[in-house]
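Listed below are the structures to be examined.
Shared between the two complexes below is subunit A, which has subunit B as its partner in the first and subunit C in the second.
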Partner chain A sequence: MEIVGKSVPRKESLDKVTGAATYTADRIEPSILHARLAVSPYAHARIVSLDASAAQNAPGVLAVLTGDASEVLVGEEIRDRPILARDRVRYYGEPVAVVVAETEAQAQWAANLVQVQYEPLPVVNSPAEALHPDAPILHERLKEYEKSEDVVSVPGTNIASIVHVIKGDIERGLAECEKIVENTVSFGPSDHAAMETRSAVVQIMPDGRVFIDTSSQAPFAVKKYMARYFGLEPGRVIVRTLFVGGAYGGKSSVQLEPIVYLASRAVGGRKVKLVNTREQDITTSPVRIGLQAKVKLGSTHDGKIKAVQIVYHFDGGAYNDKSSAIALSAASDCTGPYSVENLHCECLTVYTNHVFPAAFRGFGHTEMTFAIERGIDALADELGMDPWELRMRNAIVPGDTTPTRNMLNSSNLGDLRTCLERMRELSGWEDWKVQQLNDHTVRAKGIACFWKNSSFASNAVSGVILLFNQDGSVNLETGVVELGTGSKTVLAQMVAERLRMSVDRVHVKFKVNTLDTPEHWETVASRSTFFAGRAALKAADDASKQLIAIAATVLRADPDDLELGDEKVFVRADPRVQIPYKDICYGYRYPNGNSIGGQIIGRGHFIQRWMSPLDPATGEGQLGPEWNVGAQAVEIEMDTRDYSYRIVKAISVNDAGKVLNPKGAFGQVMGAMAMGLSYASHEGFDYTDEGILLNTTLRTYSVLRYGENPEYIVEFIESPCLDAPFGARSLGEYGLISIPAALASAVSRAAGVRMNVLPLFPETIWRAKDGGSV
Partner chain B sequence: MIPFDFNYYRPATIEEAVALYMRLDQKGKWPLYWSGGTEIATFARLNQIYTEAVIDLKGIPECRALAVEEQEMTLGSALTLSEIHDSEIFPLLGATGSGIADRTSRNKITLGGNVCSELIYKEAILPLLLADSDVIVAGVSGARRLPIAQLFQRSMQLAKGEFLVQFKVNTSYRLRPYTSVKKRKQSAIGYPIITVATLTTESGSRFAFSGLCDFPFRSEEIEKILNQHELPVGERIRQAEDRLPAPIRSDMLASANYRRLVWQVTLEDLLANMEA
Partner chain C sequence: MKLRLNVNGEIRSADVRPAELLLDVLRENLGLTGVKPGCRHGDCGACTVTVDGLPMKSCLMLAVEAADKTVETIEGLQDSPVQRAFVEKFAFQCGYCTPGFIMNSHALAHLHPKADKATVREWLQSNICRCTSYEEIQEAVEAVLSSGQPTSRMMN
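Up next is the complex of A and B:
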């Protein structure tokens, strides 16, 4: 292979580093109107009265909309969310009104004038509180809500969904165990903190067509849901997305679009723009899910795990949207990458008075991995075993089955044992015990393993179109949104490889427009290289067939004798007989002017075979095609007086199947590791007892800064996934998944106390260690 | 984005600035003196401050003065923290200032703005307290010069329409041994759990603290205890704690107990280094 496997710079880089690339909110148009939200200052309250008159009369204001503007309930898994709060608010920051004005400043000024009288209600501040028998019920109409077919709710409680994943016989399994440990973990929601805040622009045309420009990872989902919510024809909902400035799952939810649609409708369809402030991006728009989990692990004396019992209580927030899907995805892989015969997992997604969750890089897997890996470390402690040995002994291998009862082989499962071996060398694991550097400084290492199968709609589609230019170069069009992952460059590499041409000659269209771009379901779940890659290869093959067909005529040769190479079609046995693409890709013109053929258009699409939703009672089913694996380590130095610590080194060994773009792959994994370290050491929402969020700005919601990064070591092993293009396993999410668990493992070892909460602030460690008593 | 309009004035003299303030105030314009502007901009976009007129002090030459003379150094209130740091005029102030916010913000944040901040930290005050600086304050009745300890009591005690013009620091303090330590909750940038600045003179070491209580302070009583070299370090810190001017603060960054621990560890390290 000449192009796949080489480091090719991202095609959009120059535009981005020079500021030429544009994002949804960048466009300034003189006639556009601006929207701003008025949001709830309470986490749970009844709206007693709402007076919009002052806002209505403020300068430049065209409309003020409140909950009365629409009775439509929205939400992906459960339609439980009013577009603007009606009668009641259920989280701090929930939109209660939207103001449309001539300028952004006028809209903001007027939004500040919306007068709402609230009657505070008791607040549900955690999953445990939600499940308390006396808890206030957040959704009395849960029974009536429209739901996805696989969502099982418990009306009359705060349980939005309940799923069981069961394998073997848990009672018998536990009875056979010689050692049983139980470990609980707990962490709250946190933010995506993407550089670009969310934004949407909506215009409704006189004939009813709706144009939506949105900073979304899922423009096709926006089209689908907007059509569904408002009874529109999907073909008349036209969604456009330019570059997206970081998404991490947070921009796959549909939240601002319905609000701005109502706003535009209220002003005669004029174009209205809403851009989240940073504070509202944090408080109002969906976030990362929180979790309280209990993991019981049973093993033999020599560390063979025989039984695993898990209870998940996911913090589903005030509205369900994607949270039960995230929880389901976590439950489907709940054992982590370990071979477990007897499993019982109960997974609840509960309503709380927190902002509702969106997908977050890892889709529930970072959360579930933290729970299981902290349990594995606890088991190693109790057994007096090297935690690496324990993981190696139980690593899942071909021939084992998944929690969802899928048979694993060397294609659909990555090679964890080889990853573990390599991680052992890279981390110097033979010295895994705590090292005392001086009176009060220690150095400690922690490890963790991950696996993840990506879940998606079982009929999710991906399509690619290749259009030739007159000079023989190709334009690549796909519904994949360029979020900063470099996926479209990798797709160009695949097409260039297959069409035997330079990657510089494959031009990529970055803008997605649902009117004329082939659908790529959603740019989530690390599916771009896999799904769109398969579609791109199929499109390249389609184009290749067409090139050969016309070349066969022109060269008077049997198509079977022809091959592609160096942007030409030639006769295999006599390469002197050849014709360049440029002479045939726009039709061929004979010397006398007669012409044949036409512009070559390659088409390709992909749908994953044999996907099926899980049975909510047993967890049987198949959510995705391949389980990718890896092993990670983190090394820290800690001051054992105040438990402050510095992250020295982070290591990740991923099974990449095949590395398509080495520097791109390194960047993806390193970036994900940084995100995992930031999440685990810095990030978490700070709620008061009343559910008021305190850290609503990037001053107080702290993320890892550039200078705080440790040394990163990223390596890949290559055991191919036969279904994937060139055998390449996904990478986008995988660098993150077990980093928080690995950091917690190192921190626990250094401090000499099991840390089962996030984020790992020094004070949090001190509390666990000394009980906060000094 | 600031959702209201306001007029911007840039006077060239102290007198003009004060006169403008008084006039605008009488007209009900809620005037504010503007220096770096970071705090006004931040609070204004969050609807926590309102003004119809800002008076930028950066056009007044005295506010931008930066000089080292034989007797004293002059530091204009409208110098940015970055300018002070890069000038190396007063290394302790440069170091303490460089712990505030991030470089991009420090290119805007000024010395006067920081010490008059609405937030409790005001860390740039610590070196000025330690160096017994004088302050020149301008107001309706003209300019006056007074010791910082007199003007800064938990916060700057400024009368309506008054603003800071300059700090005057005895040049002998310029290159004295110093330390400046900032401990944060976790991040390399952010508000302090505690910030400690020290300055050592012939008569002993001086200590000033931010973040520990609800206001920054220097306490001669605490200094006396911490300079008792015959006592073990731990004992001195225990005694110092009894003399704190207010309870240790408890907030989102740290509980009082954990903050106490961090303060103790920081002092232990500082005293050990000083006496090594």
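Up next is the complex of A and C:
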């Protein structure tokens, strides 16, 4: 292969280093109106009265909308969320009113004038509080809400959804165990903190067509849900997305679009733009999910795991939206990449007075991995075993089944054992025990493994169109959004490879427009190279057939004798007989002027076979096609006087199947590792007892900065997935998944105390070690 | 009020409120949307431009304060060594932080062409990148610093 497997710089490189790349909020037009939100200062309160008259009369204001602007309830799994709060607010930062004005400053001024009188209500500040028998019930109408078919709620409680994943016989399994450990983990929600805050622009045309420009990973989902929520014809909802400035799952939710739609409707359909402030992006828009989990692991004396029992209480926030789907995805892979015969997992998603969750890199897997991997470390401790050895002994292999009872083989499962072997060498694991460097500094290592199957709608589609230009070059159109993952460049590499042309001659259309771009379900779950890749290869094959057909006529040769190469069709046995694409891709013109053919348009689509939703009672089903794996390690140096630590090294060995663009792949994995380290060491929301979020800026919500990065070591092994284009397994999220667990493992070893909470602040470690509970 | 600004070598005029930020005037009035808002509080560096050659977070400066100064935004840089290094080293993904990082690094390379690691760190800690691991950015900046190439080729 000449192009696939090369470090081709991303196609949009020059746009991005010159400021030419445009993002949704860069749409600046004089006629545009601006919207601003008024949000709740309480985590839970009744709205006693609301007076918008001062805002209404403020300069430049065209409209002020409050909860009674629409009775529509929105939400993906459960339709439980008013677009603007009605009667009651359920989280700090919940939108209560939206103001439309001529300028952003006027809109903000007026939003501050919206007068709301609240009566505070008791707050549910964690999953444990939500499940307390005396807990206030956050959604009394849970029973009446419209839900997806696989959501099982418990009306009268705060349980939005409950799922069981069951395999074998847990009682018998536990009875056979010689060693049983129980470990509890907990961490609250945190933020994606993409550098571009979310934004949306909506205009309603006189004929009812709705144009939505949005900074979204899922323009096609926006189209679907907006049509559903407002009873619009899907074909008349036109969603457009330019470049997206970081998403990490957080921009796959539909949140601002319905608000801006109502705002535009209130001003006669004029174009209205809403850009989140950083504070509102953190407090108002969806976040990463929190979790409290209990993991019970049983094994033989020599460390063969026999039984796993898990209880998850996911912090589903004030509204369900995607949270029960995230929880389900976590539950489906709850054992981690280990072979377990007897499993019982109970997975609850509960309502709390926190901001509601969105997908976050890993879609529940980072959270579930923290739970299981901390348990595995605890088991290794109890057994007095090397934690690497324990993982190796139980590593899942072809022939095993998943928690969802799918049979694994070497194509649908990555090769964890080889990853672990490589990790052993790269991390110098033989010295895994704590080293004393001087009287107050120790060095320690931690290890963790991950796996993940991607969950998506069983009928998720992806399509690609290839349009030839007169000069023989090709335009590639796909619904994949360029979030920064470089997917569109990789797709161009695939097409160039298949059509035997230079990758510079494959032009990529970056903007997604649901009117004329073939659908790609959502740019999430690391599905772009797989789904859109399959579609792109099919489109290339379709184009290649057409090229050969017309060349066969012109060259007077049997199509079977022809081949593609160097942007030409030639006769295999006599390559001198050839014709360049440019002479046939827009039809062929004979010397006398007669012409045949036409513009060549290649089409391809893909849908994954045999997918099925999980049965919520047993967990049986198939959410995605392949389980990708890897092993990660973190090395730290800790000052044992105050438990401050420095992350020295982070290592990841991923089964990539096939590396399509090496530099791009390293960048993806390293970036994800950085985010994992950032989140595990510094990031978390600081809620008061009243559920008020305190750290709402990038100064107080601190993320990893330049120079705080450790040394990164990333290695790929390549055991191909036969269903995937060129065998490539996905990478986008996989650098992050087990990093928090690996860091916790190192920190625990260094401090000599089991750390089961995140983030791992020195103070938290100190409290766990010396100061009692946290 | 009317304001005259020297931006990217051109004299531009804009009708602004005295309270307006340089960030907003560059974007909204002059259409220079390469200048990115990320926090509007000086925390992220996405909005970095140079003012009289020094990096400045344009969200921390009023537009009127820039009146007699020379402002340069990412749109004013073309084919500069820093830009080329960012492409070669894959020093961005989503690209949203990139104009800010480039303007900051560009000023650094001008003012401290021999900057050591600690200086580079001190400068670049003012910007956040959420996509990359920073290692790629470090490689790009170090490549420029060590190559000793002149750092700018202005558009005009």
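Quick note on the criterion: the second predicted complex is superposed on the first by the 771 of 774 C-alpha atoms of A that agree within 3 Å, B and C clash if a C-alpha of one lies under 4 Å from a C-alpha of the other, contacts with A are read in each partner's own complex, and residues count from 1 in each chain.
The working rule: a residue touches a chain if its C-beta (ideal position, glycine included) is under 8 Å from a C-beta of that chain, and two chains touch if they have at least 3 such contacts.
Quick caveat: nothing in here was measured; it's all calculated off a predicted structure.
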| item | value |
| --- | --- |
| Partner chain in contact with A:I28 - subunit B first, subunit C second, else both or neither | second |
| Which superposed partner A:N695 touches (first subunit B, second subunit C, both, neither) | first |
| Which superposed partner A:G188 touches (first subunit B, second subunit C, both, neither) | neither |
| Which superposed partner A:R641 touches (first subunit B, second subunit C, both, neither) | first |
| Of subunit C and subunit B, partner touching more subunit A residues | C |
| Which superposed partner A:P616 touches (first subunit B, second subunit C, both, neither) | neither |
| Touching partner for A:Q108 - first (subunit B), second (subunit C), both, neither | first |
| Which of subunit B and subunit C A:G484 touches, first, second, both or neither | second |
| Partner chain(s) touched by A:E12 [first = subunit B, second = subunit C, both, neither] | second |
| Which superposed partner A:R705 touches (first subunit B, second subunit C, both, neither) | both |
| Doubly contacted residues of subunit A, that is, touched by subunit B and again by subunit C | 105, 277, 699, 703-705, 707-708 |
| Residues on subunit A engaged by subunit C in the complex (per definition of touch) | 7, 9-10, 12-23, 25-26, 28, 105, 193-197, 243-248, 275, 277-278, 483-486, 663-664, 666-668, 670-671, 673-675, 697-699, 703-709, 712 |
| Interface residues, subunit A side, partner subunit B - complex | 104-106, 108-109, 112, 277, 279, 639, 641-642, 644, 681-682, 686, 694-695, 699-700, 702-705, 707-708, 759, 761-763, 766-767, 772-774 |
| Interface residues, subunit C side, partner subunit A - complex | 17, 27-28, 31-41, 43-44, 46, 73-75, 77-78, 83, 86-88, 90, 92-99, 102, 121, 124-125, 127-138 |
| Subunit B - residues contacting subunit A, complex | 1-5, 45-47, 183, 185-191, 252, 254-255, 257-258, 260-262, 265 |
